[in-house]
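Look at the two complexes coming up: chain A is in both, with chain B in one and chain C in the other.
So, the complex of A and B:
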């Protein structure tokens, strides 16, 4: 019977839960295009755990929890991606190491061996200790006096707070992330929920600080680079973000199409992006679900730069100060609405503009001045634009329904490894 | 042939047997405490899941109920509609108009706003 079942299961894609470190999310994103595997949103639906690159120190503990949440028999594959340090191999001693550029064959093989019984499932990594002990006190064993008093199963009951209708109702403090796919790598969102409405919010940044990235934008801080390459990289970054955001919105095949486009675009392909904007508009992406959601007024944007600021009407862009861009006739684009839809439209249009610029740029060069307009905003030596943008999150999501909050965080395009230095807990309440 | 009682018993035994078989098939046995925890992004829950929350859909439930009862009135009305003619039509139109005004009033007062 189980042989028949495993033969049927072998025909399906391998279910893989992928955890990427903040330096390997670009590689991990490309796995969405892979044939033969299916990336799941939760480890419960997967039996193979893929760890891409080296994990940030703060992600190790959550990754162990995710490992034990995999449905058994389980296995771990560590896709090394040229990492030297070995936080992962220390914490996941049984992980199958994969040095290839393409981890899919290894994932398939491990999956097939698990199903055929040739590979033994990994034992849980965390000790078998109840995090909260059952306390047999009270008439129902709930750990206290009365129906709702005490600490049932050793966990405190939800506390009460004022509801917006003037009632006293329970709120649930819930930590969402860091291994929740729609949120940026390393962001753990602590929300107080009443029903589906967020009454208070804070976040913790679990990503390792990384000030010296390897992207062309970091290189352009020190040396002059071709505008053509820089703008192409900007368009790619925006399209990769768009692919992620469309995937969060639930349109998987459109997300894959945009990701493929991000790999293929060349200087001068602005029209291809404008076609994407038309598709998004026709499919209603900019309509009711995002219009008026997460509105940022210009007076709340202290220190914020990049598409987020420009979508609220602030015409700030480091490129306007560069002679080379002036020769190309560059003018920053802006939107007025400042909501999530405006931020989407802003990035799509900037991607098209970047490809147009790249097409005209010829051999013009820019950079080397210590400040550059990166896809997320003004990048200087040692400080990235996400620091200021991330600070907006808690006050922005309070009062929202949970789904809106996720859409809002996605629309900010945060890179938590860049959002440093940052006092780790930033919070707001209603 | 089985009598009705035997048939019911057979169905019961088969159902129980199938349930137990499926359970045995799906049982992996001996899950550890971390394996049993609900997965919420990498951290264990901090408070107990027993909590009271606002059944905010109650407004929709009331509105639904009101219009459901309106449909109940329309059944006897439909029976006499052909005989009574235009006067019945006007009367029902008036009745629905009053209900509609109620909806517009609730709408204006923000009663349908979810958040």
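So, the complex of A and C:
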């Protein structure tokens, strides 16, 4: 019987939980289009762990936990992506190393070997023990007043606090991330939950600070590049973000279609993107889903740039100061609403605008001045736009229902590896 | 008193309907996903994928969270599947064939729908983990909002039949189906059905923004059971919609049972297609929509259904 099941199961997509280092998330995202594998949102649904690129030091411990949460028999594949350091191989000694550009054949092979019994499942990597000794002052190990508070077994218990209706109710301190699929890689949110409402929030950035990005925007800091290439990359970045955001909003199949579009767009394809905007509007992504969520007023936007600022009505864009863009007739787009819907629309429109610009740009070049408008905002040598944007998160999510908070963070398009210097703990409470 | 299937045959029929129904749901999901994502449609893959996935989940080992309420956790999918079976049992398969067609079939069906809240809450709570718990909380708000409109909109078809037995409700549609007689009924029913089966755009307890919510911690056979039970629930509401609004077994040329299957499939296609079309509503919006729009509309629906009888 089990042999028959295994034979049938060979036809199934391999269930893969992918953990991407903060420098490899673009490569990892493309695997959503691959045939023969299915990326899961939780390690419990997978039995193959794929580690893409080099993991940030702060992600190793959560990755070990995720490994042990995979369904047995489990296996690990490390898709090296030309990385050199050995942090992954040291921590995942049994990982199957894959140097190929396409990890899908290796993932299929591991999946099939596991099913056929040719590959032994990996044992858990962490000992099955409590994270800390039982510690508490009360008879039940609790540390606060009455039955609440304290950290028995190293885990914070519920405590009491005022809720938004003026009652004293339990709140639960929990950490969301850094591998929580909807949030950007490396962002760990420490929230105090009352029911599904966030009453206090802090975040920690577990992504390694990237010293030198390899994107065209980083290259444009030092040398002049073709506007055509730069704007095409901007449109791709916005569409890839859109694909992620649409997936979090529940539409996995539409997300796949947008991701495929992101790979196919060419200079001059602005109309294809405007068609996407109409599709999203008709399907309720803006008005039913994101309207009024996470409103950012202009006075809260100190240091914030890029689409997030422009969606709140600030007309700031480094491109306006460049002669080449002036010759192309560039004008920054802005909106007034400042909510998540506005940020979605802003990025979609900027993607269309970028493709229009790329179509007209010819041989015009830009860059080399040490500052460039990247898809997330103003990028300078040593400082990325996500630093300022990430700082908005704690005060923004307090008081929100959990799903709204996730939608809000997603709408900010953070890249935690450029959110530096490490201003680690920013917190807020209601 | 109508003839029932003999008990052994009834049990086999119910199991068969649940399994075949879940398979149909999985295939329709696969087709809808393929069409929306604009992947090339490979029919052998579409028909094999659900079976292969089920086999894969059955070969895997189960994992556990830290200190779950293990019995309740294992019970939740069984409870949900059981509720789907109870609801399906009261729906006649043909004019003279049913598994159970009690005089108060509507009441039994409604009771099954109310207990969905218990199954989902149990599933989320007993995992002893954050994301499932948030999913469980969400479903309480959702369930309070959809339950009353759900019952009211199903009560309206009982008025022209002057009976709470589903077969009488079907028979009363011989001259005119309720989808025409009560034009508000089916649209409201479809919305509350999406909520009751926690399908997109109303999949709050198991949503992607919770990495799967109440099912984010389940693995292997447990995951298969939960997905199967939820698919069974979809079949249960679609079959009820077919009987209460689309005239059940009534139709020309084809045998009655085939009409029941075709009409159920039609409603499944509508429910699954809309789950691949619309963005997830904000939960607050849905609760407001349910109390402020759906509830009054379903009362208006009942009022007109009653007025037509005078």
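The definition used in the following text is that the second predicted complex is superposed on the first by the 403 of 430 C-alpha atoms of A that agree within 3 Å, B and C clash if a C-alpha of one lies under 4 Å from a C-alpha of the other, contacts with A are read in each partner's own complex, and residues count from 1 in each chain.
Operating definition for what follows: a contact is a pair of C-beta atoms (placed from the backbone, for glycine too) under 8 Å apart; a residue touches a chain by one contact, two chains touch by 3 or more.
Fair warning: this is a prediction, and the values are worked out from it, not measured in the lab.
**Q** With the two structures laid over each other on chain A, which partner does A:302 touch: chain B (first), chain C (second), both, or neither?
**A** A:302: touches no partner chain.
**Q** Is A:84 touching the first partner chain B, the second partner chain C, both, or neither of them?
**A** So A:84 meets neither chain B nor chain C here.
**Q** Is A:9 touching the first partner chain B, the second partner chain C, both, or neither of them?
**A** Only chain C; A:9 stays clear of chain B.
**Q** Kindly classify A:363 by the partners it touches after superposition: chain B alone (first), chain C alone (second), both, or neither?
**A** So A:363 meets neither chain B nor chain C here.
**Q** Just to be sure I read the superposition right, which of the two partners does A:69 touch: chain B = first, chain C = second, or both, or neither?
**A** A:69 sits against chain B and chain C alike.
**Q** Just to be sure I read the superposition right, which of the two partners does A:42 touch: chain B = first, chain C = second, or both, or neither?
**A** In the superposition, A:42 touches chain B and chain C alike.
**Q** A:401 in the overlay: touching chain B, chain C, both, or neither? Say first, second, both or neither.
**A** Touch partners of A:401: chain B and chain C.
**Q** Quick check on the superposed pair: does A:115 touch chain B, chain C, both, or neither? Answer first, second, both or neither.
**A** Second partner only, chain C.
**Q** Based on the superposed arrangement, let me know which partner A:336 touches: chain B (first), chain C (second), both, or neither?
**A** A:336 sits against neither chain B nor chain C.
**Q** Taking the contacts chain A makes with chain B in one complex and with chain C in the other, which residues are shared?
**A** 2, 5, 42, 44, 69, 72, 172, 174, 176, 180, 195, 401
**Q** Report the residues of chain C in contact with chain A in the complex, numbered from low to high.
**A** 32-39, 48-49, 51-53, 55-56, 58-63, 130, 134, 137-138, 200-201, 203-204, 207-212, 216-220, 223, 276-285
**Q** Chain C touches which residues of chain A in the complex?
**A** 2, 5-6, 8-13, 15, 41-42, 44-45, 47, 69-73, 115, 172, 174, 176, 180-182, 193, 195-196, 246-254, 256-257, 260, 280, 283-285, 288-289, 293, 401-404, 406-407
**Q** Quick check: in the complex, which residue numbers of chain B touch chain A?
**A** Touching chain A from chain B are residues 25, 28, 32-35, 37, 39-54, 56, 114-115.
**Q** Give the list of chain A residues in touch with chain B in this complex.
**A** Within the complex, chain A touches chain B at residues 1-2, 5, 42-44, 59, 61-63, 65-66, 68-69, 72, 124, 126-131, 148, 151-153, 155-159, 163, 165, 167, 169-180, 188, 194-195, 197, 399-401.
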